[in-house]
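Okay, so chain A shows up in both of these, paired with chain B first and chain C after.
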Partner chain A sequence: MRDSTFKGALSDRTARTFMGVLFGATLLVTLLNQIFPPDSALHVSAYTVTLLGKYLCYALLALALDLVWGYCGILSLGHGAFFALGGYAMGMYLMRQIGDRGVYGNPELPDFMVFLNWQELPWYWHGFDQFWFAALMILLVPGLLAFVFGWLAFRSRVTGVYLSIITQALTYALMLAFFRNELGFGGNNGLTDFKDLLGFSLQSDATRVGLLIATAVALASAFVLCRWITGSKLGRVVLAVRDAESRARFVGYRTEHYKLWVFTVSAILAGLAGALYVPQVGIINPGEFSPLNSIELVVWVAVGGRATLYGAVIGAILVNYGKTVFTGVMPEAWLFALGGLFVAVTVFLPQGIVGLVSQHWERLRKRFVKTGDTDDTPAAQGEHS
Partner chain B sequence: MSALDNLRETFRRDQVFDFMRQGTRAVAPGQLDSGAGKNILYLEDITVSFDGFKALNDLTMYIKTGELRCIIGPNGAGKSTMMDVITGKTRPDSGTCFFGQTLDLTRLSETEIATAGIGRKFQKPTVFPEHTAFENLELAMNDAKGTWHSLFTRMSGEQKSWIEETLAQVGLLDDRHKVAGLLSHGQKQWLEIGMVLMQKPQLLLVDEPIAGMTRQEVERTGELLQSLAGKHSVVVVEHDMEFIRSIASTVTVLHQGSVLAEGTMDQVQNDPKVIEVYLGE
Partner chain C sequence: MGYRFSQTLVAMLVMLLTCVSWAEQALQDTTVPPQTEQGLNSGTDMMDADESNRVVAPPTINEILDQLTSRSFDDKEAAIRQLANQNNPRVIPLLNALMNRELVHNRKDDTIALGEKQDGQWELRDPTTEEVVGHVDSRAARPVVINNRLRTVINNQLALSGLNDPDSDVRYQAAGQLIGNDDPEMLTALGERREQESSQRVLDQIETALNIAALQSDDLTARLNAIDALSGNLHPEVKNSLNSRLSVTDNASETRALEQALKKIDARISTFQTADTVFFGLSLGSVLLLAAIGLAITFGVMGVINMAHGELIMLGAYTTYVVQQLLPNSHEWSLLIAIPAAFLVSALTGILIERFVIRFLYGRPLETLLATFGVSLILQQAVRVIFSPLNRTVITPEWMSGALEINPVFSLTYNRLYIIFFALAVFLALLTLLKRTRLGLQVRAVSQNRTTARALGIRSERVNALTFGLGSGIAGVAGVALAQLTNVGPNLGQSYIIDSFMVVVFGGVGNLWGTLTAAFGLGIANKLLEPMAGAVLAKIIVLIFIILFIQRKPRGLFPQRGRAAEE
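Our next item is the complex of A and B:
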């Protein structure tokens, strides 16, 4: 059994390995980008830096989903909504930072509002010129929505496929709402043309590298947080809720509270991922709420392997790398490939890539280390360590 | 009565003040009141019907504190419904159901009943399959059940040794790090009894504990249940007559939702009504 304190989660081997690989790769890319001149063969372009940053945002989002799906058994098909809300909160801050450098040169109103002949800033745009306020909203808005939504859903004991459907409806409804110009979030076009973040120009290489590092730090922190949660007694209760909810309720746990807790924490992490994503890609529009995004997200986690945390991260990075390559070569076939991948993983690899690798690893280890070690029993494998 | 009389009553010299008397203090509302020699469970005139079918029909039964009681009856006699009523899963249409003399079970939620001290072992073993035996007991432990508490809590040495004691009691100490899904059927049943014990129940409801067990396991289970009586009150629902004879002091026979006979195994077995509906077949 792992040490169940936060310190314990920080120092356990999985978390250390994870952080080592993550920070190692980030540092390498940073150095290659900053040290070598653009014409050198070893130079990593700003495009690649940003692409990597984007993957890490997706990885953070996948991590958030793994927490609710892999550990708590809640298949949310609407996690993209929390991601997008975090992204919009960040986008609003970036819009306010443009100031009078917009096309219409209005110091107060973003361009799209001037275009719509609005005279003053809607009340909900106030405060977003302050970074601390935007940062608070990035966590608060997705968290609050998840809390209210989850409170209603889990209290009424909506589970399984019904819950998946209403989460899907949630993100779809938000997409339709955000498409409307009257809502005041830029409608169809969303928020874009960002200039700078905390005074740093978003176009400069240094800022891009900075954002990559920030994303890596966020991902590592979220990973340690999730390791801590899943290693604590709360994690064991959540797992019990996944496997035998009525039994857990009977033992005396308010299972709806546990689900709500995990769902809300997960939504906050998803919001954070969205907020880091937006300055790197330079736009946020209602398309991010599209149900398809949330479903793709589920595929990443399934491909990587559920209930391991690092599986979700690996899955997100691999599938998105595949997507980058594939859409470059044959864009029209990508969705078919994605669908095929999901079917293949579900049928042949229920534990995902991580499960496959660890199985082979076990087999190899058994072949080469022929000892009567009792740790090889399935009991030791079942400890999710 | 005048104020003067009140004063006189208060200062009577042939008795002490009420608050100084020990042992007769009234039980605060919400606390269990079930001293030795009293009853722990009072079921009176309970009726439950599903779509017109009366699963329980004016059932009246009392369980004494510390007793080991067996309940038998043919299929559909209302044994499981009775357990459901006690644990709050089913609400009776009429009748009263008291735990001790103060707790009205018909007004408490399932969770509240479980915390008040009624533990139930289900017919089908439902342990947490992905957790080890040790973790199963940890989850079942009688501890604060809130989310934040669960996040920050660390197991104390006392709790750890309590879990190990319980594992030893149900005979699973050697398999404590085995995943529960891989335990044998009998071991799962014991693990589940252990889980119920971790809630420190006053009253233990055990639903068909020996179904599907080997002979050795049956013997072991009988010993376990007998060792639990006294410290806890135990109610066992079972079909196997031989098993009941080997463990029970008092047997209650249910038939069509009400009590047909009650007494020792011999008395019950010789009761002509019982022979007619159940044992004679």
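Our next item is the complex of A and C:
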């Protein structure tokens, strides 16, 4: 049994190993990028730094999904929406930072609004010139949406597949909405052409490294937070909800409250991931809302292994590395590989890579097998009762 | 130009042949039937005309035409009128030729001939027999000049002869052309035609034309009667002429009558526009039904989340395309082959998916969702590799194009109409299969209680595979229908998958009637919202509505009851 206090979560061995590897890798990349000159064999290019930062954002997103799916049994097919909303909030701040350096040189309005002949800034764009306000919105908007949506859904006991499908409909509806120019988020093109963040130019190597470190810190904090949540008493109730929701309810727990809480925290983490993602890739557009993205995200978690947290991180990094390699070498084959991965993981590797590895070191990692055991998910009990 | 000319030529040739056959009949028929007043209506009358011409020896067609050599437009008009009064099948082609500047004045011998320019020369043909009579230099002949007044005269004469055509479709069109025409001669002709017309459709057109003309009458009661008769008439010309009359009249009772008539017309137009919207809604609903009905089987009856359903639809659409490519000369009926072919292709793919993927995942719906999503990516990419990522066009057969015109503001396009019926037919076939056949019984038994079904000797594995194949096959058939409405591309399926799930979940899982209601309900709601909110916003509103609805009634419109419904 783990120590269920926050301090305990910080000091448990898994968290320490995880943070050790994460910070070690980040530090190594940072040093290699900063110390060695560009023509050195040991130099790591800014491209690689950004790529790694991107992977870590995905890892954070996967972590958020693992919290709801692995521990609470809620398969959300709309987590991409929270990610994108966080990204848009950050994008709006970056957009306001451009000021009069845009193509049209309008100090107040972003380029696309000038292009669409808008006369003044829409009300919901106000405040985004302040970083603290944008940061608040990055957490608040996805969190609020998840809270309202979850409150409606869990209160009326929408579960399992139905929940998955309506979360998918949610992200689909948001995608359609954000594609519209009238909504004031840049329509099809989204938000791009960012110049700087908190006064640091987004083009410089130092900012990129800084963003990578920030992402690594965010990921590590989120990991500790999730460890703490899952190890706490609340985490145990959440597990009970996953494994036998009706039973947990009959025992006297308000299961919908627990689910809502976990769902909202997860959405906030997803929003944070999106906000860190946008300055690194330099664009946010409605494509991020597409249902395909959200489903792909599920596969990262499934590949890594559910309900282990670090499994999600490993899965996200591995699959995305594979994607980078494949799309570079043979772009046609990527979708075949991804599709095959979906099938193979669900049919042959229900516990993901982590589960596979842990089988071999059963003795050493006994406790992970216990938490990683997915055979008695509510899904397994449902439908064919 | 060349195409148009050859068309005219063909028309002439047909006329010539008819003429020859009439002449033969006339020769065989020695007894002369008594004269009738009716004129051009039938072949026998035509023979009378020929006979009487022979007796009185009136001017021949060529002689009348030769009067067109005159420079005076009055002379030409007289000639045209005289020509139009001839009971001769050559009249219409010759009037058309005159309109198209294909009737030329040969200056050498001062005659009129049919002329076609060939290599800077005129090839001249005899106006009656169409035999080539010679070639002249391009300067030696010139098309007969006509002005706008003569054009109106010719058009009127053409409409008049159309009005007396034996074919009711031609009469209908001719009468339609005369609507809004206030030439007294035309009106007299219309009035005469009204007395003998037997087709109600043509009669309505004639009445409309006459009533519009009567709006200009000096007699107030005649005007009021006309207004009354035109009230509710949907012909666009009616609204125009009523409005223009409203702007000039100073009579109170007439103004009132006009306003009432216009109000009634507007009310009818808006009624039919609503009907039009509902029709489009039904059409969208039938598409949704086709897309969702296969899912209702795999998801509703078997509890399998098949995210590759959209791709099975896409396979059906591509099968249609392939069948058309294999049978390039038979687009009219290749659809009939495409339907079973698409069913087979998609059903086999479905059975393969079931045997190799889903079989291992029964009872784990969320995992099936992921695995079948992987399958959908593979299928999409396979189609991209085989057929290229570009859209393919499927040719719509002749009998599916065009529209059934009910009135000037409301018409039903045939392809949508057929697809509505097709969707209903597929639905009924499926319903019968599930309720009336042995396989259907087994499917329902396995879906309700697998263990008991197995204990009773049902081979549940086989039933699963067949059920999944059936649902997939229907997706393929849906693809055939969708190929008629949208582009066939690798993303075809993706665009329907979310909608299909919405329909099934909204209607209540495991309930085919629920799926039917949900499909048509959502289709109509979407189309009713569209004019108000725009297409995308309408879709978003419908999606949000479903999300909220599911939260109120998590089991859909028609929830399944009993043990099978409990999770």
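Convention: the second predicted complex is superposed on the first by the 362 of 385 C-alpha atoms of A that agree within 3 Å, B and C clash if a C-alpha of one lies under 4 Å from a C-alpha of the other, contacts with A are read in each partner's own complex, and residues count from 1 in each chain.
In this text, contacts are C-beta pairs under 8 Å (C-beta built on N, C-alpha and C of every residue); 3 or more make two chains touch, one makes a residue touch a chain.
Treat the numbers as computed from the prediction; the structure is a model and nothing was measured.
Asks: For the overlaid complexes, name the partner, chain B or chain C, with more touching residues on chain A.
Replies: Answer, by number of touched residues of chain A: C.
Asks: Check whether A:Y258 is in contact with chain B, with chain C, with both or with neither, and answer first, second, both or neither.
Replies: first
Asks: Touching A:A153, do we find chain B (first), chain C (second), both, or neither?
Replies: The second partner, chain C, only.
Asks: Between chain B (first) and chain C (second), which does A:Q359 come into contact with in this model arrangement: first, second, both, or neither?
Replies: In the superposed model, A:Q359 contacts neither chain B nor chain C.
Asks: Check whether A:S232 is in contact with chain B, with chain C, with both or with neither, and answer first, second, both or neither.
Replies: A:S232 sits against chain B, while chain C stays out of touch.
Asks: Figure out whether A:Y172 sits in contact with chain B (first) or chain C (second), or with both, or with neither.
Replies: Touch partner of A:Y172: chain C, not chain B.
Asks: Contact-wise, after the overlay, does A:T17 reach chain B, chain C, both or neither (first, second, both, neither)?
Replies: neither
Asks: Do chain B and chain C touch any of the same residues on chain A, and if so, which?
Replies: 377, 379-380, 382-383
Asks: Over in the complex, which chain A residues touch chain C? Could you list them?
Replies: Touch list, chain A to chain C: 75, 152-153, 155-162, 164-166, 168-170, 172-173, 176-177, 179-180, 291-292, 295, 298-299, 302, 332, 335-336, 338-343, 345-347, 350, 377, 379-380, 382-385.
Asks: Which part of chain C faces chain A closely enough to touch in the complex?
Replies: Answer in residue numbers: 303, 305, 307, 357, 360-371, 373-378, 380-382, 384-385, 450, 494, 498, 501-502, 505, 536-537, 539-540, 543-544, 546-548, 550-552, 554, 566-567.
Asks: Mind pulling up the chain B residues that touch chain A in the complex?
Replies: On the chain B side, the touching residues are 110-111, 114-115, 120, 126-132, 135, 138-140, 145-147, 150-155, 177-179, 181-182, 195, 199.
Asks: Please output the residues of chain A touching chain B within their complex, sorted ascending.
Replies: That would be residues 1, 4-5, 229, 232-234, 236-237, 239-240, 243-244, 246-254, 257-258, 261, 377-380, 382-383 of chain A.
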